Amino acid sequence: MNQKRWRQLTERPLIVVSLVFLIAYAWLVIANLQPPASDVAVSLILVSWLVFIADYAIKVSIEPPGRRIRWVTTHLFDLAILLVPVLQPVRMLRGVLQRNAGAAIRLRILAYAGAAAVLLLFVASLTVLSAERGQPHADITTFWQSLWWAFETVTTVGYGDEIPATAVGRAIAVVLMVGGVTLLGVITATFASWIVSQVGQAEEEATATVGHLRALEARIESLEQLLREALDDRMTTRR
Amino acid sequence: MNQKRWRQLTERPLIVVSLVFLIAYAWLVIANLQPPASDVAVSLILVSWLVFIADYAIKVSIEPPGRRIRWVTTHLFDLAILLVPVLQPVRMLRGVLQRNAGAAIRLRILAYAGAAAVLLLFVASLTVLSAERGQPHADITTFWQSLWWAFETVTTVGYGDEIPATAVGRAIAVVLMVGGVTLLGVITATFASWIVSQVGQAEEEATATVGHLRALEARIESLEQLLREALDDRMTTRR
Amino acid sequence: MNQKRWRQLTERPLIVVSLVFLIAYAWLVIANLQPPASDVAVSLILVSWLVFIADYAIKVSIEPPGRRIRWVTTHLFDLAILLVPVLQPVRMLRGVLQRNAGAAIRLRILAYAGAAAVLLLFVASLTVLSAERGQPHADITTFWQSLWWAFETVTTVGYGDEIPATAVGRAIAVVLMVGGVTLLGVITATFASWIVSQVGQAEEEATATVGHLRALEARIESLEQLLREALDDRMTTRR
Amino acid sequence: MNQKRWRQLTERPLIVVSLVFLIAYAWLVIANLQPPASDVAVSLILVSWLVFIADYAIKVSIEPPGRRIRWVTTHLFDLAILLVPVLQPVRMLRGVLQRNAGAAIRLRILAYAGAAAVLLLFVASLTVLSAERGQPHADITTFWQSLWWAFETVTTVGYGDEIPATAVGRAIAVVLMVGGVTLLGVITATFASWIVSQVGQAEEEATATVGHLRALEARIESLEQLLREALDDRMTTRR
């Protein structure tokens, strides 16, 4: 058993578990569950987390004992989503962004960025809501307020009608802001690439391609052949 | 009669009807018409809508019975502008963005983005105004306030002096924010493409073009011809 | 006398007059001059404006009578800066953005965008200040407040601590917002072009250049010459 | 001793001194030190500053007397970080952004932009805090508030919950806004360059490369050789 094989085996089950985790967390936060009703959601969250911990422990144990510390330090992302399990649904995004030719790659990048944005908005709304709701003078007390705040933050509009007041809320806000700026960069870049290629198409036809060079090469080859025959022919004649 | 023919026949009349719809809706909302004065505007809106429904019904009936459901599921945009007729003026934008060489394409993209922005701002202002006006404590009660709010939202400035409070208003705000980010992306990308081509022009002249390769090819062809003549000539001489 | 010659003759004097106009206007607005002290500034503004009107009248009269209306409709920018003389300093920007090879063009574009931004910020601050100051409950009553507001608007930060309340103020705000978005686009695009060229430099060396093709061409030419000599030589020998 | 040698010798020690300066300044501002406790921090700041002045004086004295004024006017950045020593840590950024091929250069640019952003945010937060704290009705009175304000400004979100009121605070805000816009440009541009190269990879393989041209050249060369032999051979035969 090696890392790659283990990842292949566990990829799909772990996506399901991370979805269970996200749904249980969303239910707990949005419905503002109180005990004893909240016990089911909390249990689901804890069980999912145990599964993530077990997966991580197995991955570490797969490595030979001498290289385990090295594996942990070179796989910090695995450690991060273990400690902040709300990031687990990021697993769903993996594998979406694979190399692909032409227009298809741009659609994939936009789809990936869109999916990442939706996930970021949803998880940030949930986390900020659970952090802010309990505070006195909190602006954000319902999921819709939290989602509205997340949208105006990620697009860098920032009306300022709702502002997180807790340290956790502000840390998530910073992540959303940086995410918004990056997202904006990706969208802009994808359009830029598309426009450049549209404009370039006409000029492209005027650029040298291997096809033209191959044709040239073939021509020279036939010319060489002709010459060789001419020489052979003369040699034969003269003798 | 097929879809393409029907579209060609109805394109212009439907643009006129969608303009009538937009003007009637704008008149109703901006002038805040009350009955009985509002009856004319409402009638125009309903008649326009009936025209859109008739157009959609005919398009569905043109398809052979077995493929109608498939047509509906593959033409969701037609369904969307049927259900949200305020999107009908989008018809005016169709056909603007056609392929074109060199600088012209960039001007077309900017013109298209500009027209889309004006339409988005106008329709969003109207819809938010009609959604917010009736609310107690509403920030947005006149068309100018609504338009001002739309501008600061679409450019992501977001002063926060006027903020929609209703669910409909906030949903439109989200569309405006996302539209603003995308618009910004298109403008940036168009400038990027232009600057890259300006910078590239000097270097471009140093790049291989088909013209140069053609000249080369012609040269090799004449060389081949010369050789062929030389060989033929010798063959003849020798016999 | 034709348009081109007239423009060459008047370009520099008009830049000086537009500077006088801008300084007089800035002095009038920033120092909030009251009569009789304001008379000097107002006189300077009116005299400058008369110069602009005279320049425009002469340009129209240079055209043959039959083409004057056509000239006016195809030179709307000249008409615009005649009617809104605060735009006159734009003359200073003309001619800065000229084609230039390599890195130089990017620096020129950044310099041009920077100069346009400074001018836009300065003129917008002055105009908004003069529009807002007289209003009751005005946020913007000093030049520093106006400049601060202009900066947070053009960068799309938009804190919302100071907001224009008059129609003129808001119209200028919209110009600043759109200018900010465009400026952001130009800056981004210039960096994009620079990064693309940095990344491309290594790959560039692997691309076909005219130099290589010329060398090839020369080679084929000498080959052709050799063949021609060989044929001539044989012809001579045989006769 | 020349400038280059001096820079090489002092580069590392000066980075250490600028770090000492930054830490002492941060300690003074964040902990809001009062005398006599603040004396240590102030002493460290003054000593660091003396080191910077000494370094500058030596650099000037290295130049021959006649060229000293010219050196000062062509090295305004050195003068700027002498007068505003809080910019000294910029030294740490120097040398990060060096030319490098392929993907590596994009990572370097992002790393450089990220490091510059962190430094800008940290220094701006400290300076704004020390400028605002003493004011009546100040919004920004703790380091966390200042850092939160810096984040929402640099990403152009601008909620407007905390706004600098002093001239110094607003000047720094303008630097942060412009920095934010530029940073956004760099991030966007880096993604654009990456997406363009991803999309281009498939098309790239169809473009003419020097490799192909070299093969062509070699072919023509061998052809020429063959011809030359043929001619020499005939000459020999005929005599």
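Each chain carries a letter (A, B, C and D) given by its place in the written order, and its residues are counted from 1.
As a working rule, contacts are C-beta pairs under 8 Å (C-beta built on N, C-alpha and C of every residue); 3 or more make two chains touch, one makes a residue touch a chain.
The structure presented is a predicted model; accordingly, all values stated were derived computationally and were not measured.
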Interface sides of chain A and chain D: same vs different residues, half threshold: different
Of B-D and B-C, whichever chain pair has more C-beta contact pairs: B-C
Separation of mean Cα positions, chain C and chain B [Å, integer]: 28
Inter-centroid spacing, chain D versus chain B (mean Cα positions, whole Å): 40
Sites on chain B at which at least two other chains make contact: 156-160, 184, 188-190, 192-193, 196, 207-208, 212-213, 216, 220, 223, 227, 230, 234
Chain D to chain A touching residues, read off their complex: 144, 148, 151-152, 155-161, 183-184, 187-196, 198-199, 201-203, 205-208, 212-213, 215-216, 219-220, 222-223, 226-227, 229-230, 234, 237
Touch list for chain C against partner chain A, complex: 156-160, 188-189, 192, 208
Residue ranges of chain D touching chain C (in the complex, touch as defined): 99, 101-102, 105-106, 109, 153, 156-160, 163, 167, 170, 173-174, 177-178, 180-182, 184-186, 188-190, 192-193, 196-197, 207-213, 216-217, 220-221, 223-224, 227-228, 230-231, 234, 238
